[in-house]
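Take this structure first; my questions come after.
In this document, chain identifiers A, B and C correspond to the written order of the chains, with residue numbering beginning at 1 in each.
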Amino acid sequence: MPVLLAPDQAPSLPDLLSAANTVGLDCVVVESSVSVTPRIGGIGSLAAAGAQEISFLSNPKLAAQLGDCQAAAVILRPEDWRDFQAGHADTPKWRTVLCSQPYLMYALLAQWFDQQRIARMATGIHPSAIIADGAQIDEGVSIGPYAVIESGVRIATGTRIGAGCFIGPGCTIGRDGILHPRVTLYQDVRIGDRVILHSGVVLAADGFGFAPDPTREPGAWAKIAQLGGVVLGDDVELGANTTVDRGAIEDTVLGNGVKLDNQIMIGHNCRIGDHTAMAACVGVSGSTQIGRRCTIGGAAMFSGHLTLVDDVEVSGGTAITFDILKPGRYTGVFPSTEHKQWQHNAAALAQLAQLRKRLRAIERALDA
Amino acid sequence: MPVLLAPDQAPSLPDLLSAANTVGLDCVVVESSVSVTPRIGGIGSLAAAGAQEISFLSNPKLAAQLGDCQAAAVILRPEDWRDFQAGHADTPKWRTVLCSQPYLMYALLAQWFDQQRIARMATGIHPSAIIADGAQIDEGVSIGPYAVIESGVRIATGTRIGAGCFIGPGCTIGRDGILHPRVTLYQDVRIGDRVILHSGVVLAADGFGFAPDPTREPGAWAKIAQLGGVVLGDDVELGANTTVDRGAIEDTVLGNGVKLDNQIMIGHNCRIGDHTAMAACVGVSGSTQIGRRCTIGGAAMFSGHLTLVDDVEVSGGTAITFDILKPGRYTGVFPSTEHKQWQHNAAALAQLAQLRKRLRAIERALDA
Amino acid sequence: MPVLLAPDQAPSLPDLLSAANTVGLDCVVVESSVSVTPRIGGIGSLAAAGAQEISFLSNPKLAAQLGDCQAAAVILRPEDWRDFQAGHADTPKWRTVLCSQPYLMYALLAQWFDQQRIARMATGIHPSAIIADGAQIDEGVSIGPYAVIESGVRIATGTRIGAGCFIGPGCTIGRDGILHPRVTLYQDVRIGDRVILHSGVVLAADGFGFAPDPTREPGAWAKIAQLGGVVLGDDVELGANTTVDRGAIEDTVLGNGVKLDNQIMIGHNCRIGDHTAMAACVGVSGSTQIGRRCTIGGAAMFSGHLTLVDDVEVSGGTAITFDILKPGRYTGVFPSTEHKQWQHNAAALAQLAQLRKRLRAIERALDA
């Protein structure tokens, strides 16, 4: 991992634990033969952490890595510590931090280091940013170089707009959000609080709406102007190069807490329910509604005008072409095999309806 | 929908209809008990339109929404209006607009509102745009802030270049086009008239061309320089974050009227015929030729060096791995089911060639 | 192909061949009745090359195009030249260049023309580029307009940073690389020598890491801060709009010579081995490790936490959901057919486990 804090800025182990442990976990440093209190400049895995880093054991399968771990300190559960001691006579090199939930403690530490990093980012409005007259930029908003903010925009306090972002006319962005460099918002996007948009995100480009226009030429298309907007709830996060199109008439809407990974495409008029999460490369065709708390695997694909209820799980790579009205997990992936075997199976699959007929014929013959 | 025009800018209903109805549809406002002529600031769906919006009924399944519709006016066919009157004694709140083609009338209205929106966009060349000496920018071209226009570029009248676009050396762009913010054109792209490129589009990045170069290391690749360009016909529209690579030697070509949705990838040397339309997330490998008037569903995928004739329809999620020489619809999608059922079917599929053999053995035994 | 060099800049045929032939191929111009030594301004295919272009015959299937070829010169193998002469009494219009490896000679010529193109690109640091104090920019680095270089960045000699690129704090970039316009690097990216990043690439956006956080609301997610970086080896090339996420704790790593096409997504913590190449639209979920010299077809998809050994080939459109521990080719694609036939086969597939049971029942009955 990159060094996050230089030694002179790194906190001591006890200071770090008390600063990061905002939820009051049971977290105790075991007194040991390691006499110096280490300074902690970052987090590392058990296998890779160095003498300025803290590590943790959350997956018991990795316990074998404790013996050679070079970290300054390791967080682990009391029972895992007992097991380690049972198998090792020597005191480990690392300071021992006992905690009933090592993974949660890691998450809190990671958050703390991330906060230090964010705190070092430039604040204020860069002089090269172009902000239209009448845009309403609250106190405490940061705007990076070469960003362009159009008329009628409102941005609430604490939000950071990265270098080269374009915020189209009439957009509103809530408080404490982060738009990383080169995010593009067309006009009429409304964004809640604490929203994170990664680089390359494009919100409210025109939906894909065309009507056949044979008056010009056979096969020609007439564009249907896309007049709706895009609405994101609070606590939404969208990954790099993800796109959400504007609605044709009404808005395209992502509920509170929706998390989308990179390179996802949400078509016009879609509605995605609160806390639904999608892994990368998913495509959702226009006017499809997905419920709350759904989890969608990478590269899944949805036809348009579908309805999915709450609490649906879709496996990666699955094409959903019909409504899903019952919670549960749904899958449709061609199982991969060695190429030769696939060739045989695929050839048979191309005749499958015929095979079924032949089977039925045998059954009838035997019945007779 | 976002309010498009404030009340003091919104036209009266008769003025709007005559301004938008450029093709002379039969479109009549029914005199009714609603005495005030409403002003129309936008378009809404039957379910969501408010008192400043016009709505329309084109899908008869939605007729039940007419009763509670809050729109200022509703466009519908005379027969649907008669049906409504037969079931409702009271005069509706909305003004009635009779028209034989409500959807087309809606499309015209949407276009009219879009034109007002475009007319409010800034025009002229922003002082921060960097334009190389010798670039030929016609009168009536708009160039947004922080755009960069390289040497030898020609842009014809009426075209708008959004903020932060990069137009590489020697590109030519026809008239009345729109490049939304942050479009990137490498050198040697030629674009026709009335072309729309959405944000994040990248044209003429290097095609993926490498030759094995074992002289350096086993498995190493030598780059094949990509010297062709990209050519787009008239009336092409490309969605957000779509990429079209430059040809290896000759150009990659998209014909007139081609419409590509978001996040589509067209490989080098491809040729896409006039008026072919592709939904989002499609990938076309290099040197594949697709005919005219084809419609390609979302997330479809094409191997390289294929030929598809005109008027082919490919279903979403389908992988095309061989030439298609006959018009028609082609599909290849694993049907999704509940996960448990999929597991059973997938396990059987992995043995399908064996199952066919077993079936054949039985048939032989019974024949004997 | 676009004209690459105007006639007054184009070299004569012998000059071009000796300048481009850096590896000393056996390459001889046949003396013929064409008296004037042509000047060569570019490369064209046999079918499309004009009188200022050179062409080549590497695929014997195209030999029939030699007769009508309008190129100034054609490179071909001696045996193909003998075959041509046997079938044609007249001297061709083109100068004949005999070479035992026409495709390699073409690659060298393409490289030479590309070098001329690159040599014409602007050099130096554009005055509008914003470079933080303390960034270490070597002599001979070019930085385009509106690029933003943050603190702690180091860029080695010969590297070109395109217009509008954003290089986050602490990034290091090796020598002789090319970052095309609008590439975005978050902080802590380390890049080797001779790396090419195409427009729209985003490196080190946050990995997709969330933990359930029921303390706020059922289904809510807590963000896991992503503290790792991204490391690219030497000679890596990444296509337009490709994204590589930063690691959660350790780095996401792409080895030397890795070549990724456009719109590829590499999740956090992945490790991709040296010289592995992936065609467009591939998605690799987090923590998956892919070996060296693998070739991955377009739109293939990988689940997370997998291991693939060296020298694995994955067919386009295939979903890999388990470890691959043996080199070879792997495939899993639903074969596409005419839609009607697919409907029958898909319906049978949905009952495949049942069909297997029925087959087994018949086998038992016949055995009995």
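FYI, a residue touches a chain if its C-beta (ideal position, glycine included) is under 8 Å from a C-beta of that chain, and two chains touch if they have at least 3 such contacts.
As the structure is a prediction and not an experimental result, all values here were calculated from the model.
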Worksheet item: Over half of the interface residue numbers used by both chain A and chain B, so same, or under half, so different?
Response: different
Worksheet, complete the sentence: Between chain A and chain C the C-alpha superposition rotation, given in steps of 5 degrees, amounts to 120
Fill in: chain A and chain B, separation of their C-alpha mean positions in angstrom
26
Discussion item. Give the residues of chain A touching no fewer than two other chains, as numbers and ranges.
Written reply: 146, 164, 182, 200, 241, 263, 281, 299, 333-335, 337, 349, 351-352, 355, 359, 362
Fill in: Interface residues, chain C side, partner chain B - complex
1-2, 4, 42-45, 48, 103-104, 107, 110-111, 113-114, 117, 120, 128, 144-146, 162-164, 180-182, 196, 198-200, 235, 237, 239-241, 257, 259, 261-263, 274-275, 277, 279-281, 292-293, 298-299, 316-317, 333-339, 342-343, 346, 349-353, 355-356, 359, 362-363, 366
Practice prompt. In the complex, go through chain B and note every residue touching chain C.
Written response: 130, 146, 148, 164, 166, 168-170, 182, 184, 186-188, 200, 202, 205-206, 208, 210-211, 217-229, 241, 243, 245, 247-251, 263, 265, 267, 281, 283, 285, 299, 301, 303, 313-315, 318-321, 328-335, 337, 341, 344-345, 347-349, 351-352, 355, 358-359, 362, 365
